[in-house]
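The next part holds the structures, each set out as structure tokens.
Shared between the two complexes below is chain A, which pairs with chain B and chain C, respectively.
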Partner chain A sequence: MKKVYARPAYCMNCHLCEVNCIVAHSKSRNLLKAFKKEKLRGTARVFVEERKPISIAVQCRHCNDPRCVAGCISGAMVKDTETGIVYCQEEKCVGCWTCVVSCPYGVIRPIEIDGRKLPLKCDLCKEYEEPACVVGCPNKALVFEERGAEV
Partner chain B sequence: MNYVIIGNSVAAVHAVMGIREYDQDNPITIISAENYYAYGRPLISYWLEGRVKNKNILYRPEEFYKENKVQLLLGRRAVSINPDSKQVELDDGNFLSYDRLLIATGGRPFIPEIKGLNPKNHFTFMNYDDVRKLEPVAAPGKEAVVIGAGPTGLKAMESLVKRGVRVTLVELADRVWSQALDAEAASMVTSFLQQRGVNLYLNDTVQSIEQKKNDRLDIKLNSGCELQSDLLVLAIGVRPNVELLKSIPGVNINRGVVVGPDLNIGLPDVYAAGDVVADSPPLFPHAAVQGRIAGRNMAGNNDNYKPIPPYNALGILGLNIVSMGNSIASDENYELLVETEREALIYRKLVIKENRLVGGLMINKIDRAGIYHKLIEEGADITSIKDELLNPNFGLLSFPEPVWQRQLAH
Partner chain C sequence: MSTFSLKTSEFSVIRDENKCIKCLACVRQCGFDCHQYDEENDSLYTIDANCVNCQRCVYICPADALKIYENPKPMRSNNYWSANDLKNIYKQAETGGVLLTGMGNDKAFPGYFDRLVLNASQVTNPSIDPLREPMEIRTYLGRRTEPIALQKQKEKDKTQTPIVPIETPIMFAGISYGAISHQAFEALARAAKEFGTMFNTGEGGLPKDLYQYGDNAIVQVASGRFGVHSDYLNVGRIIEIKIGQGAKPGIGGHLPGEKITEEISTTRMIPEGTDALSPAPHHDIYSIEDLRQLIFTLKEATRYEKPISVKISAVHNVAAIASGIARAGADIIAVDGFRGGTGAAPLMIRDHVGIPIELAIAAIDQRLRDEGIRNSVTLVAAGGFRCSADVVKAIALGADAVYIGTAALIALGCHLCQKCYTGKCSWGIATQDPYKTRRLNPELGAERLYNLLRGWSHEIKEMLGGMGINSIESLKGNRLHLRGVGLNEVELNLLGVKHAGEAI
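Take a look at the complex of A and B:
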């Protein structure tokens, strides 16, 4: 399946992937509204790790045998059998955080939005043609491609 | 080819998915003692709280069975297995033939001998029917005694508190959730609960129960304390449902049923997964993973189950607790990395033995906990990253470059 891959040599630690992720997952799909009205600051599903001089954007690897899906007590976390995308049906999630402990990459983030706990994870922008982090990356440090090797 | 699955919870659902990865056509029959489509068993406390409605308690959509060509026998029990004729006898007298059989019968609450205890004067906290029975009586202002302060008892307590019930927790060990919490963490959780009005009796358990004329219960504890209560919940532990397998030659029972690495139970074409399995923690993720592997093997694959260290994520009244592996270790045989902010109710502890991470315990700061669990599971040498483990920026880049490059390439 096509996944997002990070290319550390090209990453500038600009965090635009996080910004674009937030906007893509907002209701308004507008940067200012997403941050100031919908208060979505800090809700990116991709995040940049930095250890100077290296930086990389990390996100869900959409595993073949996803531990987060196995661990999900509500059945909210699923892997789409057609697309391979692992995503959380947020209306079903109870915020128990088992997925957070299950993820070997540590890329499911426990957060609270308006008092509601939600695990934030990359859904490969399944409603778009290409993930917003990839589209908006100014230096092609993120690519969306098929590489064959699977977890 | 006929697949039969006894049980209809998480292991069964994942077994169906495992079978269907390799065999899309042959019929699967599920025998379900409970009268419901598979539901998220741990969701019963959320249901009792009112946070999860009937619709969302289902673990998979109703169509799951039809789409996967599963015939679901609801409200039916298997009463015996004949491995020679490869048949399962049902409680309605019918027989089902199988080519591959999965035992996914799970467990049931352990009920000790207690003077005065009868099925009508106590509740258990294991399945949907338990909370449906509790719901009408767990009214605001009522008093409840919950015996057992493990994960089940704590979740029962939480949902009752949220319904406005006044709860007393009674725990035989010297601290709450003694299998996962060390003394420090347990003391933090205890004061948190007491501040929220929960009564707690430690080193104690119920000795006898007497039903009063006004329907209240007199509950005597070993210590001599007497509690009055409107309802009693027993959450002491679970026992594997192995009755079907007893006295079948070739099958070994050690509390649960003993399985090989491929989850076969020692009989041709018979597998087991979930809480019924011996020497495996009765935990949700483990049941799911085992179910998937057993399903694949039933459909002719040859997959092995590698034991996963126990782990648990538990939210109680807003406190988020995560335990992994040996989370309680505190003696000199282990090296401990600890960060405590008692005021903020934050606790992070990692347990190291011979340069390997063997356990972890986190309260209210659980970011990236999955990486720790993976390290515990792999038993990797952590010498080079030890100083980084509790660093706020701990992540993939804390590992040597070849490691994170490999991770990113997945």
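Take a look at the complex of A and C:
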């Protein structure tokens, strides 16, 4: 499946992937409204890890055998058999955050929306042609491509 | 800042709080620590004194919340003492140092390119549409062979070096690895290869991993001889002896030890962390005869397979010097005018030494023609080419090709903040800080440079077509295609052009 891959040699630690992620997943899909009105700051599903001078954007790897899916106690977290995308069926989720602690990459964000606990994770922007983080990266440090099977 | 200082902030960074989303991109991208984040209050603020107006934050801000304004001059207006004069004196009164700067001369000297206009065909001689008809802008670098004559075949001249074709009369100027990042250097090399033109290594050698671009490299041998060895000379297509640089004629160079990283030290063949000092003169060149020795030493070392270029800065006697260089056996003469850029130069030298490239081209071309040796060398002009029209005018004045340096860096994102000498470049160009160099993706950089060459080449073809000529060779030194506007008699004579309105 096509996945997002980071190229740390070109990641310049601007964190614009996070901004673009937030806007893409906002109701308004407008930068100012997403941050100012919807107050979505800090809800990005991509995480820029930094240890200067190196930085790298990581997000869900959509593993072949996802630990978050295996650990989910309510069966909310599933891997789509067709697209391979790992996602949370929010109506089934009980907010135990087992997925958060079981993710080996630490890329599931625990958040509370209207008092309800939910996991927030990359869905590869399935509503768009290409993930917003990739499209918006000013230095092409993120690519969306097919690289064959992974461990 | 605790000590009292007369230096004032040149710029103000204004943040529109209604737009700022506190993503902190500005804080992370500013190379000069102007943008600050107060974690305790979750607020952003700026230290205006640090701002150099490089515009990095303005471009990176996703919310378009930043604007940079020039601060009003804090001194009373004076037609003789400019605010800059005062600022420089205050600075020197505090530091006692030489004023340093980067990039090219920014003083308001009258530009000749701006007072020369080109011709176009009307009625009596048809103009040519380059989109429909072939238009040749391929340029050849090197010493032309003697004209073919119906005589007994002479023995082949074994000292004849080959001619190097380039697909457009535009090459990238010498910018050393060290002055600019590996990423920027690689972008230049890639673009040159893709377009079929040349890039120039500058005086800092060629990193091993870029030897693959050797066929498109002009390798420089400068007074510091950094990175010069047999492989280096043989991997390049052309060898250039650098005598002078337009931005700082008569003085050498100094790359501070902090910039000499491991890779640069290997490439330059000097110890890590030591200053790279280029002496002002070549210590083995004190005459044209000495220059001839070095030219032929290099030709011997490369089995007469590489044309030799000699780069000088445009100074008062440039025509006579160029004539000497041609007679010394150089195949290419590169002349760098006073608008030429640099990574670091003393401000006084950059702004007050050297002559405009337009006059230098005209003077050299005329002198070489008068002496009947114009054919023996290629004349490459450099120093402040801003657009394709400047290139066309330079070629009409007598140049064969041009170097673009500043324009190439601008294509890579440079905003002419003139702080290259600090090594803090926010755009990842003139820095060796690994946190910043990664901002310049060579793939994207090469694409931008390629586009620039493509655009300019198209425009050159259009201008040639308009003049009714279909080959750049027909334009070379063809000053009848130029007319001066608002130039006096002396200037017109020096440039060898008529005034606008005068017919042939």
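We take it that the second predicted complex is superposed on the first by the 150 of 151 C-alpha atoms of A that agree within 3 Å, B and C clash if a C-alpha of one lies under 4 Å from a C-alpha of the other, contacts with A are read in each partner's own complex, and residues count from 1 in each chain.
In this text, contacts are C-beta pairs under 8 Å (C-beta built on N, C-alpha and C of every residue); 3 or more make two chains touch, one makes a residue touch a chain.
Treat the numbers as computed from the prediction; the structure is a model and nothing was measured.
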Superposed partners chain B and chain C on chain A - clash or fit: fit
First, second, both or neither for A:103, with chain B first and chain C second: first
Included angle at chain A between vectors to chain C and chain B, based on C-alpha centres and rounded to the nearest 10 degrees: 150
Contact breadth on chain A, by residue count: chain C or chain B: B
Partner chain in contact with A:70 - chain B first, chain C second, else both or neither: first
After fitting on chain A: smallest Cα gap, chain B-chain C, Å: 15
Intersection of chain A interface sets (partners chain B, chain C): 54
Contact footprint of chain A on chain C as seen in their complex: 18-19, 21-25, 28-29, 60, 62-63, 428, 433-436, 438-441, 443-444
Chain B residues touching chain A - in the complex, by the definition given at the top: 14, 40-43, 46, 51-52, 56, 58-60, 284-285, 288-289, 292, 311-315, 320, 322, 324, 366-371, 373-374, 393, 395-398, 404, 407-410
Residue numbers on chain A that touch chain C, as the complex places them: 9-16, 18-20, 31-32, 35-36, 41, 52-54, 138-141
Residues on chain A engaged by chain B in the complex (per definition of touch): 5-6, 8, 49-51, 54, 56, 58, 61, 63, 65, 67, 69-71, 73-75, 91-92, 94-98, 100-106, 108-110, 117, 147, 149-151
